[in-house]
Structures are given as C-alpha cells and as structure tokens.
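The block underneath contains the structure these notes are about, expressed in structure tokens.
Going by the order they are written in, the chains are A, B, C, D, E, F and G; count residues from 1 in each one.
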Amino acid sequence: MKVQFLLNILLAIVWVFLTGTINAVNFTFGFILSFLVLWLISSSQEKQKYFIIIPRLISFTFYFLYELIKANLQVAADVITPKFYMEPGIIAYPLNAKSDLEITLLANVITLTPGTLSLDISDDRKVLYIHAMYVHDKEEFIDGIKNGFEKRILNIVR
Amino acid sequence: MSEHLIIYPIIVHLITAVLLLFFWMKPKIQRYISILGGGVGIVIAALLFQRVWSSGIQSIQLGNWEAPFGISMVADTLAVSLILLTNIVAFALAIYSTENMVSSRVKFGYYAIFHFLIMGLSGAFLTGDLFNLYVWFEVIIISSFVLLTIGGRKIQIEGAVKYFTLNMISSIIFLTGIAMVYGATGSLNMAELSRIIPEIENQGLIQTISLVFFIGFGVKSGVFPLYFWLPASYHTPPAAVSALFAGLLTKVGIYAMLRVFTLIFPLGEVNQIILMVIAGLTMFFGGIGALVQKDILRVFSYLIICHIGFMVGGLSLFTEVAIVGAVMYMFHDIIVKATLYMMGGVMFRIFGSTKLRNMGGLMDNYPRLSLLFAIPLFALVGIPPLSGFWPKVSLFSASYTAGEIAMLVMFIFASLITLVIIAKVWNKSFSKDAPKLERKSSFKYFEDFSFSEKAAYVVPIIILVGVTLYYSFFAEHFQLVAARIGEELMNTEHYYNAVFGIK
Amino acid sequence: MTVFLIVILSSFVFSLLLFGIGQKTFQRMTWFAALLPISLFIYFSSFARSIMDGEVFNFFTSWVPSLGINLDFRLDNLALLFTLLITGVGSIVFLYTTQYLKGHPKLMRFYVFLSIFMGAMLGLVTSNNIITLFIFWELTSISSFFLISFNNTESPSRKSAIIALTITGLGGLALLAFAVLAAQITGTLSISEMLQSPEVFANHQYSVILMVFIFLAAFTKSAQFPFHFWLPGAMKAPTPVSTYLHSATMVKAGIYLLLRFTPHFQNNSYFFTTLLIVGAITMLYAAFQTLFKTDLKGILAYSTIGALGIMVFLIGIGTTSSITAAIVFIVVHALYKASLFLVTGTIDHQAGTRDVTQLGGLRKVLMPLAIAGFIAALSSGGFPPTIGFIGKDLIYEATLNGGLNPTLLTTMAVLTNILMVFAGLLVGVKPFSGKKPEALGEIKKPHFLLWFMPMILAALSLLFGLFPAMVEALFTKNITPLLTGEASPHLAIWHGFNLIILLSAITILGGIAIYFFWKPSHKKESGMLKFDAFAPKSLALKFADLFQRISYFLTRTFQNGYLRRYVLIILVLLTLVFGIHVFINPRIFLELKEIKALNWNEIVILAMMLVSIIFTVFTKSRLSAIAGMGVLGYTMCLIFVFYGAPDLAMTQFSIDTLTVILFVLVLYRLPKYLKLSNRTNRLRDGIIATSFGTFLALTIIEIMNENPIKSTTQYYAENAYTLAKGKNVVNVILVDFRGFDTMIEIVVLSIAAIGVFALLKLHLKKHEK
Amino acid sequence: MSIEDYLTYIILPLLSTSTLLVFIRFLMGPTLPDRVVALDLLITIGISIIAVYSIVTKRPSFLDIAMIFALIAFLSTVAFSYYLEKRKRNE
Amino acid sequence: MKSLILKTVSTTLLPLLILFSVFVLLRGHYLPGGGFIGGLIAAIAFILHAFANGLTQTRKVLRMHPGFLIPIGLSIAILSALAPIILTGDPLMTGLWYEKDIAILGKIGSALFFDTGVYLVVIGVCLTIIFTISESV
Amino acid sequence: MEILLAIMTGILYAAGIYLILRRSLVKLIIGIVILGNGVNLLIFLMGGLVKGRPPLIAEDGKMLEGIFADPVPQALILTAIVISFGLQSFAIVLIKRAYKVLKTDDIDTMNKTDDIK
Amino acid sequence: MNDILIMIIISLGTLFILLAAIGLLRMPDLYLRMSVTTKAATLGVGLILLGLALYYMETSITTRVIAIIVFLLLTAPISAHVIGRAAYFVGVPMWKKTKIDDLKGMYNTKTHDLMSGFEEEEKPEAED
C-alpha cells in the first residue's frame, strides 16, 4: 500500500511537471489521474520501494554522465581516425544483481555507456551477455563493471 | 426540433449500431434491435420525405456554423427519396438476415456493420460537403469490406482482395479529386462550389478534375471499364449481403455522379460524349457478360453493370427528361436488384447451389413462389407496366431530344439482352426439370425449413415486391418525385438557396 | 367508363382468381374458364350495333399523367373487329381446351396464361394511348412465351419460346422507340389525336427512323420474312394455343399496328414499297415451304406466315381496295385457320400423330370433324361459296388495280394462293380421305366439343360467304374509310364473269392439281433441310451462337480474374485523363528560381524521400520494403514539421509506427518475397506509372497557379478562439467546425476493428457456410 | 550571428548531413537489423532537428512532436526484433 | 518476446505513457494533440506491454476486452454530439461550453467530451486490432 | 519547394501505382500506403506551403494573425490518415487471412473469382 | 552570454550526433555500429534538448525536455538490446576481428531459452 501511495505521488509530480502548471489543484488532479492509472494497471505490478533513494540516484546520475562523456570521446577518436583499434567480443558477465529492476538498470547503463552493449540475460538471471568494443582482458573488463556501475546501482536499489 | 430531422436518418442507424455493439454476444436480441431500428428508420425517412416534399429542400448546418464554414447537410428530393428506399430495403434485409445470417456471423458484428453501412449510405445522400462525402464513402467501403469478408471462404477472400484493391484505388482517386478542387477553389461546400467553379478561368482544368471524379465514382458504380471488382465479388457473400450491395452500393456511385455533375461540374460537351460512350459500353459489356454466365448470382452481377449503363446514359444525355429517366431507373433498380439477390438466396436454399444447371422445376414445385419471383425478374426486364419499364419512356424520349439515336439503340440493346437473359434464367431454373442431385448432408434445404424460417426468407421479398408493384401501378407517384428531382438537379439555385438560407 | 376498364383488366383479375382456386378444385370446373371469353364476346357484341352506325366509344382514366400515359381506350370499328375475333375465337378455344387438355396436371396454369394473353390482346387493340398499346403488346409477347413453353419440361418447347420471345421482344422495344418518337413529334400519346395530323410522319425528318421502328415491331410480331422463323417453332405449344395465337390474335397484332398507322405514312412511298416487298417475299417463301412439310401443324405454320405475308402485301399496295381486301382477309384467315388448327388438334388427340404421310381415311370415325375440315379447307382455298372466295376476289382485285406493276403483283398473288389451296386441302381433306393406314390403329370417337368447336368456325366461314353483307356492314364499311378516307368497295360473292373469276379458277385448279400430284414425304422434307443452312432461322441461330462466343471471349478477356489487369485498366484511363489534359492544355509555369532557393535541409529531405521511395519499390526483401516505407513516412513527418503541421507530423508518425507493427505481426508467416513478374510487365508498368506521375505532377503545378480566396480558412483563423474556444485551429476544425467528419472517422475505425476481429476470429462450421 | 542564424545555417545543415549519412547506412544494410538500427537513429536525429527547428521558429509547441517521436520510435524497433525472432522460430 | 529488460521497462512505462496520453488528450484544443493522438499513445503503451509480457498478462492489466471501449467511446462521442439537440435545440455537434474556466482543463465543453470519446475509440480499435492479430498466429 | 513537392507527389503516385501492379499482396498494400502518402502530400500542397508557422493561436492571442499554414488541409489530412489507417489495418489482416486460406500472397493465383462455370 | 552557452551546448550535441552517424556508416559490424550509435546519439540529443531548455527557460518546456531525455535514456538501450539479441539469433555476422563470443551455443534455437553456463550446478532440467 505504502509503495503504491508513493508511486502515486510520484506520478502526480510527473503530471505537474508535464503540464507545467504548479499549483494545488493541478497536483490534486494529477494525483487522482495517476491513482486511476495505477488502479487500472496494479494487478501485475511488482511493488518496489525504489523511489525513496533520490539522493543516491542523483549522485549516480552524475557518475553516469561522466562515464558517458568520457567513453564517448574515446569512441569518437576511434570512429574518426581511419584505423580501428577495437578488439570486440561478447562476454558473459556473472551478475550480482538479482531483482528485475537491478538487472535492468545495470543492463541499460552498460548499454548507454560507450563501447559496451548488453545483449541478453540468461534465463536463470545469472549471466549478462555484453558486447564490448575493447576487450583487452576479460577478467579486467568484468571487474571494471563490478566495481563501477553494478556496485553503485545495488547501492541505490538495495 | 423539426430541422434536426435531416440528420435523424443517420443518427437512427448510428445509435442502432452502437446499441448492437453492446449486445455483442446476444444474437437474438440483436435481431430484434436491428428490425426495430430498421422500422424506425423507415418512419423517420418517411417523415423527412414528407417534409421535403411539402416544404422544399431542407438544410442544416452542423455545429451551427453558417455555411460554408461548417458541414452542411442538405435534404433535397433526390436525397430523401433515396434514403426512403434505402431504409425500406434495409428493413426488408433486417428481416431477411434473421435466417440468412447464422448466429456466429451475428456474434461477430454483422448487424452492427449492416447498420453502419446504412448510416453511411444515408450520410452520403445527405451531405452537402465534398470531403464529408468522401468520409461517408469510406464508411460504406469499410463496412462493405467487412461484410464481404467475414467468415471468408476461399472464393470470398479472393473476391474481397479484388473488391478491396479497386475500391481503395477509387477512394484515392476521389480524394485526389477533392484535393484538386480545394486547391483550385479553396472550398469544399458543394453549394458554394456550384458558384465558384463557373467563375474559374481555367475551365479545361476543371473539366479534367471532373473526370477524375468520374473515374472515382465510376469504379464505385461499376461502369465500363472500371467494374471488374463487381462480378468478382458480388456472388461470394451470403445473400443478405449481396442484396444490400446490389441494391444500394453501386447506386451511391451513381448518386454521386448525379450530384457532382449537376451541381458542381455541369457536364461539358466533351464529358458528355465520354459519358455517353462509357454508358453504351457499360450496357454492352454488362449484357454480354450476363449472357455467358452459368451461375445465377453472376448473371445478376453482370446485369447490375448492364443497367448502370441506363443511369449513366441518362446522366450523359443531360436534359431534365433524361435525368428524370435516370432517377426513375435508379429507384427501380435499388428495389429490384436487392430483391433478386434475396431471391437468389432462397433459390440457393432450394437447390443447394446457385449454378443454373443445378436448378429447375421451380414453376412446377413452387408455383406461388415462382409467381412472386416472376415479378422482380420481369420488372428487371422492363416488361410493362412493371417498374423497369417506366424509366425507359423518359430515357428513350430524351435520346431523341438530344439527337442521340445511338444511345437509344444501346438502350434497346440492353433491354433486349436483359430480356433474353432473364428468359434463359427462367427456362433453366423455373421451367426445366430439376436435375437429380444428391442431397448435401450438412446443408439445410428450404423444404426442411419451419414455417417461420420460410417466412423470414419470403416475407421481406414480399415487402420489396410490394414496393415494386406499387411503383409499377402507381408510377405517377414516382414520376412526380423524379420530375421534381430533375428540376432540382438542373436548377442549382434551389440547392444553393437552401444551403445559404436564401428564401 | 370504369366498366370498360374493368372489362379490359378482367382477364388479369380472372387469371389471378384461377390461380387462387388452385389446381385441384379447378379440374372439376374447367367450364368455368370459358365463362370469361364468352361473356366478353357478348359484351363487345353489344357495341356492334352502334359502331356499325359509325359511333366510337372512348374510355379514359388517368394513370401516369406526368408522362402523358393514361388508361385511354377507344373502341372503333377496327378495334371491334379484333375484339370480336379475340373473344370469339377465344371462347371456342377455351371451350375446346377443356376437353383437349382434360385432366392435364397443369390445366389451371394453362388457363391462367391464356386469360392473361387474351386480356393483353384486348388491351392492345383497344388502347388509344400508344404507350398502353405498347404495354399490352409486350404482355402478349410475355404471355405467349409461357404458352409456347407450356410443356415446360421439354427442351424444344423452351427453346422455341425463347426464340419467339427474343424476336417479338426486339419488336416490342422497337415499338416503344416508335411510340416515344411518335409522341414527341405529335406532342401527344393519344393515337386518335395523332391522327388529327395525318401524314405527319411521312415527311418528318425522322421518318426513316420511325419506319425502321414500326416495321421492326410489326414484322417481328407478324412473322414477316426474315423474322418469321419463330412462328413454326411456336407450334411446340399445345394446339389450342397455336390456334389462338396464329389465327386470330398474336400475329395479327402486327397487322393491326400497320393498319392503325397507315394513315400517318400516307404518301410516303418508301413505307408502302417496303411493306409490299416484304409481304411478297414472305408469302411466296412461306407458301413454297408448305410443299415440304409433313407435320400438319408445320404446314399450318407456314400457311399462316403466308397469309400474314399476304396481309402485309395488301397493305403495301396501299389502295382502298387492297386495304379492304386485307381487312376481309383477316376475318377469312381467322376463321379457316382456327378451324384447321382445331381439326388438327383433334386428329392429334385421337390418332396420336400429326404426320400427314401417316394419316388417311379418318372420315369413318371422325365424320363431323371431316366436314369441318373440309369446309375450312374450302375457305382456305377460296372455293365459293365460302368467305374465302370473297377474300381471294378482293386480293386479285387489289393486285390488278395496284399501282406499280399489276401483272407482277397478280402473278405473285396467284402463285401464293395456289399453294395455299394445296395447304388447305392437305390439312383439311387429306387425313380424312383415302384408306386408313394400318399403323394408325384403333381410333376412338372424340368428345363432342372436339369436333363441334371447329365445326362452328367452319360454319361461320360458310355463313359469311353466303351473306357477305354481314362482313361489310360489320367491318369494311367503316374501317376502310377510317384508314384510307375512301368508301369501301361493295362485297359480293358474284361480280359477274371477269378476269378475277378466271384467276380464281386457275388458283383453285392449280391447287387441286398440286394436291393430287405432289405427295409430301419425309424424304422431300429432309431434302429441303439441305437448304436450311441459308434459312433466316439458321443464320439467326448462327449469329446468336457467334454472339454468344464473342460475348464469352470479350467477357473472359476483360474479366480474366487477374486483379492486376483490372487495376491497370483503371490507371491507364486515369493516365489518359491527365495526359490528354497536359497535352491540350499546357499551362505549366516552372520557376527555376524556386529551386535555387532550396536549402540543404530541404535537399536532404527530398533526396531521402526520393531514395526511400526507390528503395521501397525495388528492394527484394519484404521487411526492407516496410522499413523503407517507415523512412518515407518519416520524411513526410519532417515535411509536416517544417511546413507548420505539428498535429500531422505526430499523427503520421504514430500511425506509421502502428502500421509497421501490424505488418510485422502479419508478415512473418508469409513466404519469401519473390520477384514474380517478368521484364515486359515491369517495363510496361513502369512506363504507365511514370507517365501517370509526370502528368499528375504537371496538373498539380497547374492547379497551384490558381490562388483562390479561402474564406473558410480566414473564418477559422478569426473565430477558432472567440467562437470555438480553442487555440489549436486544426484541432478546433477536427472537433468542432468539421467535427462530424471526425465523428464518422471514428466509426470507420470501429468498423475496421470489428472487421479485423471478425475476419480472424470467425470460423464458420461446415453447416453454417 | 544570432543564435537563430547559427542554428539555421550551421547546425541544421550538419544535422541534415548526419541524417543523410545514416540514411546511406539504411540503404546499404546489409541486414535488416542494420536498417532497423539506422531507422532508429534517424528518428533520434529527427528529434534533434525538431528541437533545433523549434528554436529557429520560436515555436515551443514543436517540442511535442519530439516527445511523440521519442515515445513511439522504439516501439517499431521492438516490433522488428519481434519479427526477426518469430520468423527465425518459424523456420 | 522473452526479455527481462524490456519487461521491466515496459511495466514502468505503462502508467507513464497512459498519463501522458491523457495529457495529450486534454491539451489538444490548445496545442498539438487531442483525442486521436492521445488514444494512440495509450494504445501504444499497452502494445508495448504486450510485446514484453505477453498478451495474457496485458489482458489481465486491462481487465476487459478492449473491444468494449469502442461502443463506450462511440456512445460518449454520440452523446456529446447530440447534447445540443437535446439541451439547447441547436444543430448536431454544436459546441456547448461551460461558462467558467475549470482548473487545468481550461474551458470545458462538449468538444472535450467528444474528444474523450475519440480517445477511447482509438484505444479500443488499436488494441482490438493488434491483440486479435497477435492471438491468431 | 512547391514545385519539387508537386513532382514528389507525382513520384509517390507513380511508386504506389507501380507497386500495386506487382504480383505480391504485400507490395500491393505497401503501394496503397504510398499512394495514401501521395494523396496526403497533394492535399497538403493544395493548401499552399507556409514554412514554420503552424496554425496555433498564440498564448496571448485571440486569432491567427499574419501568415500561417492553412489548417483546413491539415484537418482533412488528419481525417484521411486515420481513415486510411483503418482501411490499411483491415487490408493487412486480409493478407494474413488470404495467406491462411489461399496459401500464397501471389495475386495472380487468385484468379478463380471470374471463371465462368 | 547565455546564447553562446546554448550555441556551444547545441554544437556539442550536434557533433555527437554527427559522430554517431559517421560511426554507423564506418563501423564494420552491426554490434559495433549499435555500440557507437546508441550512446553518441542519445548524448547528442540530450545536449541539444538541454540547449533548448536553456533557450526558452520556461518550466513547462524544461519539464518536457526532462521527460524526453529520461524517456530516451530508458528506451535507447532497450532498442539496442532487443535488436542486438534478435540480430544474434538471425545470425548477423560479427566482425572478423572479434575476439571472444561467450554467447556461442548458449541459445536454444527452438525455444529461444538462454543458458548461463552455470545451470549444471543446480538442477539439470531436460528440455523437450
């Protein structure tokens, strides 16, 4: 119940931002609206308590942006220069993340950062298959992610 | 309240259809609702007809936006007459469908779409806006697609593919024409167009655009050489659907031609000749097509084409008398063609086949039914004084006035070939002995029907035959209506004044 | 007034009544049917006195006044002649049939058709409105169709009926064409009013057309060469039908029509010459044919055609005496021909054959019938003192005084008549004379009605011959002046010894000679069949066959089942429309400066659009084509964005996406995309598509030069907010100004959804199909 | 140079050029996934173009189109992938 | 499609998109948007959900056959079109407006109801079509 | 640009026509879709091209002022697009059904409807 | 000053987009192309939208910009994921210099089940 309520508030806020009119009436309207929407779709929802961790989220965002720009420049160089320095490959990355949300977040973040691309997750959720542009060493690559994104995401979610 | 009457023919069927959707899984209730809706439709159509007859062309501006800014709905005598006939046919078909349509079809929306289609027809007749006409056409097309395909067997799907493609193309052509008209005039209101178009300097362009419309409508009405979808598809669906199509769909194309070529683009000399040639060829090809067919429904399909030639021919002569003839023919054709296909449905139930060679002995085995069927058949031929005869008086006469003896000869040809064809049909299905065929085990024959089942098939036919007989023996009533229509169509200021509220 | 209308319509009501009585009940009261013609005969006879005094009766009820079509009947002397024949012979035939078809399972139906036919004939001859005349004319055709195919399970009957209907139907339409034109010329549909301006047709600019139509009508109905062939075929009908149709009614309708409108064509020599020639050919041809027939009814058929030829021939001579001769001959022919037909019928009924080579010596059993046949044969041959003799006298008088070439005309008449004598004897005498062949077997005595009915007719032939004044008073005295404006010659059996009597004698002797020396046989008949290939009937059937085959060919060529062909034809037509326009109306203004003003973005969009089109068209993978379509839609969106149509861009984009999804969901089931069409086809289609596109583009450019005042747009711009309270003008149009479009549009969508649902989910069980 | 001019004469052409490059990939393929990726990118660039155009014309409402593009675009990618997998499974 | 990532995201997106669709519907009278495009967005949300989670799952979320939205939407549209005839005697589809401004929605009028009808019909139609096709493989 | 777009319209029509004349049902439908695009572009052109000025009344305005894109064709196109979407989706499903029943998407094999028998 | 900032941000965004476009064209296989484009383009669009938000400086527009960006961040990787996965199924070839392929043989081609390689340890379940 609590989670649903929070989600409801959150959606109401989104509504307020969407419409761009910040006042009580609009919020109430947004609240009612999102309540209806949630009611409509609630049956299959697995509730998560993830929206309370906003600060971590923000810090993660900055980390992510940093990584994004950094790696983008790296790839840019490779794209623009005539010769390719790539050593691509698909790597099975053993997951620590367990829940749907954790895995999804991780996978998305990995994809969004340059040079890597989440291809699929095994059915038993143990392995994330990642296509990477620069695979000097498989172990090193796995460690990089383990200590970088995965750790931070788990920090936020758990 | 009364000025709203104009849109009620549309609203009735719309509401009926939506109501039917709510009773999706209840075929029995659907049947009652449909018949009820059909009955109310007739009453409203009759009231509207009475109103237009007594006080002239009616119009209403939807959304209360003065013309030409909103969409105008205009009920002139042509429109209301067609609506009345449409509703009568629809009512008969609603009854006919109770047995002709199996429950599973009804459960998949047959009745709702049926009423949407009737609504579409009414809308097309009433609208005074060119683009709105397009939209109505689309309602008609999509509903007919659905009616044509549901429960589709092999042949039905094949027919539907052709029907679909050619009708889609015709829609696109029509829309192209509308775009061009808008580009050249900046207006879509038909009444306003009737005033703008003559002012345009580049009349060559206007004539070309009008031909675009002609081709668009020509496909729908089934003129040569645009009719191919018709014989390819009309024999494929259940009889009730074919009857609806045969009676009304092609006539919408003719209606549109009549409207557009009198109100918006009065026929120029060149176009007149083009229409005449096409009318002649339509009669010819329809006639010879029907002559060689071996399936009764296909015979009727080609006869539809053949007889479209009469109406286009009437329009092409472009005198008031000729228009009257065309309109008279249209009235006759709506009723009779629908009856024929309903009859075809009964014959299919009797013989288990629609092939002529599998038929026979109707006259000996079903004398009363034969008498009933003889009336639409002979009316089709134009055996006087049955309905098909009356329009010919005007059409023949107009051919002389216009000095078009060739047109007259084509009318004679078409009449004669129809006579021969129907005589052939009569011989093969009514006169000759029935062939001994094995009874199909999973087929319910007419003779096995209960009384009420038989009635559901025959009563609607009786209703329409009644209308035919009324037309035949009280042709004066129809003639007066047609004469008024002719006058209204040829003098566009009636229409213009009604739309713009000028007294 | 109304009484007359009821009388005319009584036959139709009566037939319905019979239908209502039902077959079973009717079998027990067949006499009931005969009440109708008898009472009608009495009714019409009641007018005879007044009409003999020159009175004319008019009956008028308006029907479709806006077309000028009214129930307008007029009983004058000509009409009376026919009504009496119709009802008189009708009474006899009705009575005769009660025995002839006794116990026939479809007897009721027979009387239904026969009554309708009689009513139609009565209406035809009494109509004073030319359209009602046509109406009844058509009704005779259609009811005779049913009578001819009365033995509906026999294929030859049905075939003959169709041939008869086709020929007479053609004539009917010609009559309608004639009627409408005549009405236009004279400004009235009333036949009697038309007569107010006689000769009006003769000199009219459309006189040729008028003549073509009236000839077509009359010749087809009255079985003139080359339309005669439906008549022998019509012998497939039961004999009473043949009797009725071919002696007194159906075929006489054409003669009636010609007689009626003769005054209008007065002094038009083409009119009369045509009649003369056609009549002459017909009578000679038909009379000659009788030599080769072995079936009694076949002989009678050709002698009927011959007689009709004589009538047309007489009208064609166009003199007062020839018209009078024609009128008298109508009566003569009706009486003896009806009699002979009935005699034949009884023979057939009793002996079971009509083969003249098989018949003989029947007088022993059928004495009264033999007498009737004998008298009828005499009248047919023009022996005195029968009315036939007077008829033949008049004919010779007419030919001898006929305008063009009396000798030729008379020779032809004599030749024909000789053969008619022969034919009469063959039917009326031959079966009864000589020895009875063994093959015939036991012959029972016929029912009283079966010999008495022909006897009445035969007796009348004799009676009128003895008292020709009756015929004169009843008919010729008034009819001839009506048609020619001159008094009719006096009718008498003996005009003194003159050339005419000589010719009569020659005719009779010639006929008797042939009768004795020429024995009809099957061999001769089949010998004649060798020439059948050139007979009008064979030619017509060949033509019909050819027409059928051409029809089949054309239908299959155009409607060949190939959708692409259908599409192609439509598109070619449309291409022509634009193409011709572009060529005859070149108003194209290409402004190159506009092209220079393009910026890079626009060039990119256009290039992408162009290339994606090409890609979509030519890619070999179905999915790539759909992706290409996606790009195309995307470029459209960009155009909408750049040119101020955000709503459009949004909608187009979302719809495109949905379409792609739909395609994708459907397509993975389909087989590989094959390159199916051959090179020629591709080239042809390419040319058509390209020229279409080019012409269309040029036309569009032309339209763009029009700069219409868009009052509507201006109105929307000014009032969208103030009156409709919206700022997105496009949306305001959609939900308000033109909200009804949207209303219908969602209906279209709903129907489509239902359709999709039904199309995929509905699976009919076998018994539901 | 005003920002509008800068966007009009420098940025929009550059974006158009990018579009063109992506489009070339679309045409080259070689596989369907390549085309789908190109289509996806094409739409992403479209969003940028619309955003820039919205500044140029000073019509913020164009942003709504961008929003719709962003929302819907990936659905067709999903659909195409769905197709590829289904099709593979059918074979 | 069996994809955990897609499943997670689509589930999250569903309410967001529906919300967004309502937003687009309501503002249509003032800015680009309206019932049609709003309905499409909502439909797309469900379609996406169906792609990721399978049809059965989406049906559960929807709780009713999408086809029922069609007559409901049509009824709303028809009623709003008929309202002027019944209420004020004006012709069909005449706009009726509530005098005062309502918060968020701005002016409330029959047009908005009409657009809502359109919205529901579009959702119903799109989902009926797509679901039917996916079901009948 | 107007003239080029007019030519483009012609090309769209030509492409649509060419595709409709192929033997594959899928191509036929794609052709119809492209033709639909052509018509839309035509209607759009017929309103006259105006760059970057959508018919939206300014937030503080009461009416459209100055130059603006003609909203009428836009509304027409919107209606037309939606309608053709309905028809197209039906058509696409028809392909599916046709393939299921007829086992082919080759139009030329669907030639039985007009046999005389 | 503000204008300059906006111009810089937008230019950067444009450059990233151009980069993505070039990358898409140049990269030797599908996976690499996706790798390049997903991020570069997303970043590019994000920057341009940011510029737009700065240009208007209105709440309603900023919120919308944020919405779009969030949405792109959510969806772009999914697009890449689904299409990449599908491409692997279909057998879109990898660049010849690809070093390792851990995914090889892990997919069940019939059911599209994906193994992790660790299954044996738990419960070996036979597929039929």
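Throughout what follows, a residue touches a chain if its C-beta (ideal position, glycine included) is under 8 Å from a C-beta of that chain, and two chains touch if they have at least 3 such contacts.
Because the structure is a prediction, the values reported are computed rather than measured.
J.: Which neighbours do subunit C and subunit D have in common?
T.: Shared contacts of subunit C and subunit D: E, F.
J.: Kindly list the shared contact partners of subunit D and subunit F, in label order.
T.: C, E
J.: By the touch criterion stated at the start, how many steps lie between subunit A and subunit F on the shortest route?
T.: The least step count works out to 2.
J.: If every chain is reduced to the average of its C-alpha atoms, which one ends up farthest from subunit F?
T.: Farthest by centroid: C.
J.: State the pair with the higher C-beta contact count; candidates are A-E and B-F.
T.: Greater number of contacting C-beta pairs: B-F.
J.: For subunit A and subunit G, let me know how many angstrom lie between their CA-based centres, rounded off.
T.: Distance between chain centres: 12 Å.
J.: Find the geometric centre of each of subunit C and subunit F from their Cα atoms only, then give the gap between the two centres in Å, rounded to an integer.
T.: 49
J.: Taking each chain's centre as the mean of its CA atoms, how far is subunit B from subunit E in angstrom?
T.: So the centroids are 36 Å from each other.
J.: Centre to centre, by mean C-alpha position, how many angstrom separate subunit A and subunit B?
T.: About 62 Å separates the centre of subunit A from that of subunit B.
J.: Which positions in subunit F are in touch with at least two other chains?
T.: In subunit F, the residues touching two or more other chains are 20, 42, 45-47, 52-54, 56, 72, 78-79, 82-83, 86-87, 89-90, 93-94, 96-97, 107, 110-114, 116.
J.: Give me the residue numbers in subunit E that touch at least two other chains, ranges are fine.
T.: Answer for subunit E, listing residues that touch two or more other chains: 1-3, 5-6, 9, 20, 31-33, 36-37, 41, 44, 47, 67, 70, 74, 78, 92-93, 95, 125, 129, 132-133, 136.
J.: Taking each residue of subunit B in turn, which ones touch at least two of the other chains?
T.: Residues 14, 21, 62-63, 131, 135, 138, 142, 145-146, 149, 152-153, 161-162, 165, 169, 176, 180, 183, 188, 231-232, 292.
J.: Per the touch rule above, enumerate the chain pairs that touch, sorted by label.
T.: A-E, A-G, B-C, B-E, B-F, C-D, C-E, C-F, D-E, D-F, D-G, E-F, E-G
J.: Once bound in the complex, which stretches of subunit E touch subunit G?
T.: Going by the criterion above, the answer is residues 1-3, 5-6, 9, 12-13, 20.
J.: Give every residue of subunit A touching subunit E within the complex, in rising order.
T.: The touching residues are 7, 11, 14-15, 18-19, 21, 23, 25-26, 29, 33-34, 37-38, 40-41, 43-46, 100-101, 103-104, 107-108, 118, 120-121, 123, 125.
J.: Which of the residues in subunit C end up touching subunit F in this complex?
T.: Residues in contact with subunit F: 552, 555-556, 559-564, 567-568, 571, 590-591, 594-595, 597-598, 602, 606, 609-610, 613-614, 616-617, 622, 625-626, 629, 632-633, 636, 639-640, 642-648, 651-652, 655, 658-659, 662-663, 666-667, 669-671, 673-674, 676-677, 681, 685-686, 688-690, 692-698, 700-701, 703-704, 710, 712-713, 716-722, 727-730, 733-734, 737-738, 741-742, 745, 748-749, 751-753, 755-756, 759-760.
J.: What does subunit G use to touch subunit A in their complex?
T.: Contact set of subunit G toward subunit A: 16, 19, 22-23, 26-29, 31-32, 34-36, 38-40, 42-43, 58-61, 63-64, 66-67, 73-74, 76-78, 80-81, 84-85, 88, 94-95, 97-104, 106, 113-119, 122.
J.: Which bits of subunit E are touching subunit F when the two form their complex?
T.: The contact residues of subunit E facing subunit F are 31-32, 36, 125, 129, 132-133, 136.
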